[in-house]
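Next up: the structures, one after another.
One chain, chain A, links the two complexes that follow: it is found with chain B in the first and with chain C in the second.
Up next, the complex of A and B:
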């Protein structure tokens, strides 16, 4: 039977000792994160570094909200890639479609966790957000479009797109056969079925692209519509959120693709072409985002109100300067590397992966800077400046989410082919 | 509510009265009194500005609440249903006045005294005072929603209620009745004969942060809004 399982592609169903060790390590960190959440539920959010805005001199939104936005952003790239590949018929990129779809679903699950971490009454939230939903709240978009709509659509897309591979895998007897049979759900790969899936996938992709733009825009509106918070109120927030989502998502996808190429059998299917395409996409998105940053900065410095200038000063030369300039550097350095790559038409995979990691660190920094300084330095009444320092609980929760995400992807790669099997012969 | 800044002496008695009436936890101030200093020595001027919730007509907190826990009552009070609040704190970031307070932990752990402590219990006779005021647990208004009092639940947002439990009985809020110089006047601003309306009509008035369009229902007479020269002195250390 072992031989039969071994015929499943890309190492599905075969766990090496290294993989098991990795999974155990990731599970350990994830559990530490959930322990942090347990403390939060038991003792209240006093275990975080968050405090009230105003007389208490704190920030009431911090890491949790920043990472909700970050993970929702990362999810952007996955399904966009999959949809663009299908709509624009970029055949050479097909090997990356599956992992991109999986990344989207995983990132959205993490975003949902981050929302739960942020709620003072998380279990009440699960019920009340549906029971008393108010479309007038910018949060409505977060819960409906981002979490319910986008996550659901992405999961359906992943499912439909994987059905053919599931049917192929289900021919191989073994421990996972029931799972692949379940996924295939009677699919037999007849020409009619294939045609029908192709059509459904195409239209789902067409529907998902505007959905994800709207979804990420609503996250921008959560901040951009607040006139009472200097630094937030801006029409640029929504489109800037969409662009930064693309930057962090493509960056993450590059990292995952590189890991798959190195560790999975037959990983070379992810050709240099795929990486070149991803690198170029990242470069153009970065250029776009930096343009937005400059426009925003100029507007605030030139015409900002007194409080807006105070927030900007805190970013440029105050308490948050190291994060701000650090993020700028982590955007500009990868951009320079990518531009060099673009013109030389070469360059190692290592620089590309480094760029992906750098832009993600920068995106986390930027998300933090969008959320926090407007609370600590942006009170319209003269309360004085506040401060926010995350506690170990918040660090553990966020590290736990990263680990949990990696764990889900690692498990997925062993349950299902991480790349579509073979070349599709239907084009 | 109309606040006469010419009368306020900055004694912060209203802050204390609010805490006692509403039984708010440690470091929670629904009513806050700014003490401001302006000008250069020796020409400095000190003035005071009480800041309750503004109970805005165009309240940003009401707009953003994803579950309708924050709502505007018929009588103008902006209320928080602490049975429904999920603790997302969006109202808090949306409010430009900084009036919202979150229950960061179990409120009973966050009062100034540990009532179970043997030393304290020997003085109190073992009674556990504040949060037993039954009025704070009752539903109010035609909506029959529980909106009164502070420190009801861990993980929910609360703020100034204009002492709804008193207003419904025809009484003035605690801050108003406790003010020794009658700087705070409470009443129906839609009724031209109310004391508040008369005071408002008789003097030059302003509301806080008019430019953000929240249409506050707390008006100030006498004095001026704080500006870039108004430096807060003797800020309350409210971090726990």
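Up next, the complex of A and C:
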């Protein structure tokens, strides 16, 4: 093996006092979220703001389902980036491949939790999905295939891609040596092993791309195929879901890459080129998504049915207007910043990170608007309009998920190199 | 050669299991006009479909991790 290192790279195995403080803080919020879930299981869904559609004037899907869609979307961009980097041999983007893979696995774990939060009887629900679900149904594609097949595939990809670095780290004595040895599983970085790894990695990447497009498109179909639900029934839902998934995921990846560049030793391997590439990708995806938004809005306003127009009115000038226009602003402002950045061929990292944060806030807003207004304002039965206000339990659960995700990534970065070590000769 | 054969067999078995579970074991295809369209023909047919997906990706792990033949320092691709 070419590389021999005296200490583990990128701060692996070394925890500063600030890092420990951060971990304790994140763990505290995550525990608060799980306490909320405990209350939900113990007392029932009454502790949430969810109520039956129609007679109870509520929404049965709220924050939880909105965040299932959001986290699945974030995972989409992570593994897409990793796969595209390998398939298209984008050598300059290799430093972000590992964090993109880790982000995917973490985001899918969070999506799993969000699904379980939504189920009144989570364990019964999970068993029954595997027992009775129809593979032809979008629900199967979303809640079963995404969580099991897609999570497994992403974990395999992360594992195999990390073997070489694990083997390098395993040569450094220390408390983590056993872990790195276990991960390396006998890898010695011989030319044939490298060739084998390149081949396996390429085919895994090729296999993952259709799986993740299917998984995210079926998320869109869960809503888009419901003909009796104005605001949801639309052929644009599936492709728009995929595009927004890319927007939120790349925005998240920009934030993580910026944190790594600033906090990790040797973080400058994440060059300006990497951020320029991410910024441009985000800009084009944003343009595509905004186009979809405008097309959908014009269709609903121009020729929508009466109920369709009611939902649209609730979005544009009614109860949900502040979320809708807030989301639009949080899409348009970053787009303007990214376009300026594109033509100037550069710009501050802070602008890019701010854009990443803004598009994620907008994506959360849009996911909420996709899920909730059609339930409170889109019923075809003769019921009045409903309402949904999340309780502190739901807020705590969602904050807990963000904290748990950050905690997992922070722990991962101390157990394993968050960026690939060195460059491959055959890359 | 053995490595490739086992990997390809796993991939074929994975896709085969997916196809069989989807077409013959899960709830029947078609317009759901009767109760029989609601339940799978074989219990846990959806789990078998997922197992097929997992098998396909597990083939990658087997391909990389399968030990080389004794006495050889490098394996065959």
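Some observations on this one:
Everything below uses one rule, namely that the second predicted complex is superposed on the first by the 418 of 427 C-alpha atoms of A that agree within 3 Å, B and C clash if a C-alpha of one lies under 4 Å from a C-alpha of the other, contacts with A are read in each partner's own complex, and residues count from 1 in each chain.
Just so it is clear, contacts are C-beta pairs under 8 Å (C-beta built on N, C-alpha and C of every residue); 3 or more make two chains touch, one makes a residue touch a chain.
The shown structure was predicted, so the numbers you read here are calculated from the model rather than taken from an experiment.
Of the two partner chains placed by the overlay, chain B and chain C both lie in contact with A:133. When the two structures are aligned on the shared chain, A:44 is found in touch with chain B, with no touch to chain C. In the superposed model, A:288 lies in contact with neither chain B nor chain C. In the superposition on chain A, A:318 makes contact with neither chain B nor chain C. Once the two complexes are overlaid on the shared chain, A:118 sits against chain B while remaining clear of chain C. Once chain A of one complex is fitted onto chain A of the other, the partner contacts of A:203 are limited to chain C, with no touch recorded for chain B.
More residues of chain A lie in contact with B than with the other chain of the pair chain B and chain C.
Contacts of A:381 after superposition on the shared chain: chain B is touched, whereas chain C is not. Contact with neither chain B nor chain C is seen for A:239 once the two complexes are overlaid on the shared chain. The contact surfaces that chain B and chain C form on chain A in the two complexes overlap at residues 129, 131-134, 136, 140.
Per the touch definition, chain A reaches chain C in the complex via residues 129-136, 140, 144-145, 148-149, 152-153, 156, 159-160, 163, 185-186, 190-193, 195-197, 199-200, 203-204, 207, 211.
By the touch criterion given at the top, residues 27-29, 32, 34, 36, 51, 60, 63-69, 84-90, 92-106, 153-157, 208-209, 212-214, 226, 228, 230-232, 235-236, 238-240 of chain B touch chain A in their complex.
Of all residues in chain A, those touching chain B in their complex are 43-46, 50-58, 60-61, 118-122, 124-125, 128-129, 131-134, 136-140, 143, 222, 226-229, 306, 375, 379-384. Interface residues of chain C, counted against chain A in their complex, comprise 21-22, 26-27, 29, 38-40, 43-47, 49-50, 53-54, 56-58, 60-61, 63-65, 67, 73-77.
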